[in-house]
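Order of writing sets the chain letters: A, B and C. Residues in each chain are counted from 1.
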Amino acid sequence: MFQVLKQKEMDLKGFDMSNNIILRVEDLHKVYGALEVLKGVTFSLSKGESKVIIGPSGTGKSTLLRCINRLTQPSSGRVWLDDVEVTDHKANINQIRASIGMVFQDFNLFSHLQILDNVRIGPMKVKGMSKEEATKLAMEELANVGLADKVKAYPAELSGGQQQRASIARALAMNPKLILFDEPTSALDPELIGEVLTVMINLAKDGMTMLVVSHEMGFARSVADEIIFLENGVILEEGPPNQLFLHPKHNRTAEFLHKITELYGETVK
Amino acid sequence: MGLLNLIWSSFPALLRGTVVTLELTLAFLSLGLIIGISLALSRVYGGQVLAKLASGFEQIFRGIPALVLLFLFYFGAAEFGINLSVVTAAILAMGLRSSAYQSQIFRGAIQSISSGQMMAARALGMNLYKAARYIILPQALRFSIAPWSNEYAGVLKDTSLCYAIGVVELMRQGRYIVARTFGHSLLIYILIAVIYFILVYIGLKGLRLLEIRLHVPGFETKRNGLERI
Amino acid sequence: MSLVFSWGWLPLLGKGALVTFELTVLSISIGLFLGILLSLGRVYGNKPVYLLSSFYVQVFRGTPLLTQLFILYFGLPSVGIMLPPFLAAVIGMGLNSGAYQAEYFRGSIQTIRGGQMVAARALGMSQWQAIKYIILPQALRLAIPSWSNELIYLLKYSSIAYMIQVPELMFEGRVIASQTFRTFEVFLVVALMYLAVVIVLSQLLGALERRFKIPGLGRSGRILT
């Protein structure tokens, strides 16, 4: 499997990323009552790119992710997925969501369904795939995240790390254009974080487009193309990990990076 | 006439009554189930107007005694020039009444499911209907079996009230037998009580088995058995 | 068709409502007394007491109230016991409600931590003293939400007493209907009277529940009408 990944990684380097923008977020605002959580966020994501969003808690990171597939309705601003405007109210939002994977902090696997059913229910009920086809696909995705022997288990019977890997498989089975990760390791015991990060790192190397809210700097340093530092609802600084770590433009960025590296360490070297 | 003989000769009539009682129970519960689920979904996911309407409907049907509802539907239909058989009137009155109670059960169950389940379903691209049907309801209905068995027992016992508008169910068959065989009313009514008891008991056992059969790890439901049945 | 109502119905309906009220109050009181005894029997009783009270509760919960009333009113005369309608209804509803109340109280007694009983006995209280001064005061408070439900249920189910000739609200409605042939309108008024009382009562009981709430004891229950 890793051989294949390497090959794909090399293929990817041939692309000119700037012309392959998949996601564009423009001047996004989100207001809750008197509280403005997002105050005009603009960035884009190219095919095969991984970006990590970091920032203090309550700074709108999760809100930002949810505005992208409109699980939360943005107050103003625009989001495009390829050439489809997500924020257009006439757009078929369910169709758009089907092509944006999402991985949650607390997994949110469907509690009444076995792991196999969790992964194939999307392809079957949303995309109308046949049961045989969906099963085959789900088995492949589960094997990819190392859960081939757990397909008959119910979520409650799995460890947190296994549940999170299953939920990544669930997202992958939809063959998404990009995957949003909302603090995928925050709810995990420290010893379970590694197995989830490994899956994510492999995904990134495999060329998956990923937008990740996480403070796991191990992931950021090893595969992220850029880190976005979000504070008080605006992007304070954005750039490749090395640039942010070694030559941050703002003191706040340096302070924050220092703090989280100290707090979380680096699980994956 | 000997007592055993009396019981033996009443048997066919009591059996007919029992069948009607069971049919009524099934009809009330089915109508109540369909409308109850719709009401619960309206209250949780419907807009403000729909939720208000559903809640008003529930309040009315839970606040009026079953007997009064039966009279209203039976005589009300005639008043408005609609020709309803007693059984149809009974099914409407008692089915709608049960829907108001069942809605409470389902609403509680839906609200006990973590909001992340709905979010994950919508994130996969399911519309509200699909998310409710494939993700929320299968879980909510499992949680509902225990409180729903109380509703089953309650509805079964309340079928006896249809006697009042002339449905020939178990109680009325009993009344006929009493009228035929003067002097044995106590025995006949106790016999009927025993039949009801057995029907309630079997149904509750069946539902308990269903609950065990549908059990999924992580769905440890609490049953306190305190609701009025 | 047009609906016809008359103020002239009100005195008779009022008379019926009064009987409904008496019926409810008397039977909930009998049920309260019986329910406490039965619940104690089920929690603290020895084997025979436990079995007997469990049997009672199951039988009365497992059969329709109407059947129970018929046994009392139409059945007992066949062995020479004649009860007047109102008495038969009060006894029937009281016995019936006792079974339900027993379950509410049992539930709330069992949610009280075992430590309370142990602490009371450690003070030197007898079991009966512990139940009386420590357990029941807590259990009864905890049972207020379900007890309120029971009161409202009983109020509504008292309409069944009409079937054994008790001149309560439903019965008087029937009387007016047979004189005026305005059955639907009369029962619409009767329905609204029940509805109004049920709604007011559940508000009042909700207030009562909040009033008697003790910090840290149980959680606030919700009232279902």
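In this text, a contact is a pair of C-beta atoms (placed from the backbone, for glycine too) under 8 Å apart; a residue touches a chain by one contact, two chains touch by 3 or more.
In this text the structure is predicted, and so the values were computed from the model without any measurement.
Interchain contacts link the chains end to end along an open line, per the touch definition above.
Among the chains present, the centre nearest to the common Cα mean is that of B. If you tally contacting C-beta pairs for each pair of chains, B-C comes out on top.
The distance from the centre of chain A to the centre of chain C, each centre being the mean of the chain's C-alpha atoms, comes to 57 Å. The distance from the centre of chain A to the centre of chain B, each centre being the mean of the chain's C-alpha atoms, comes to 47 Å.
In this assembly, the C-alpha centroid of chain B lies 21 Å from the C-alpha centroid of chain C. Multi-chain contact residues of chain C (touching two or more other chains): none found. Across the complex, chain C is touched by residues 59-60, 62-69, 71-72, 75-76, 78-81, 104, 153, 157-158, 160-161, 163-164, 171, 174, 178, 183-190, 192-193, 196-197, 200-201, 224-226, 228-229 of chain B. Chain C makes touch with chain B in their complex at residues 1, 3, 59, 61-68, 70-71, 74-79, 100, 103-104, 107, 146, 149-150, 153, 156-157, 159-160, 162-163, 170, 173, 177, 183-185, 187-188, 190-191, 194-195, 198-199, 224-225.
Across the complex, chain B is touched by residues 69, 71, 94-100, 102, 104, 106-113, 121-122, 125-126, 154-157, 167, 170, 174 of chain A. On the chain B side of its complex with chain A, the touching residues are 113-114, 116-117, 119-127, 130, 134-135, 138-139, 142, 216-219.
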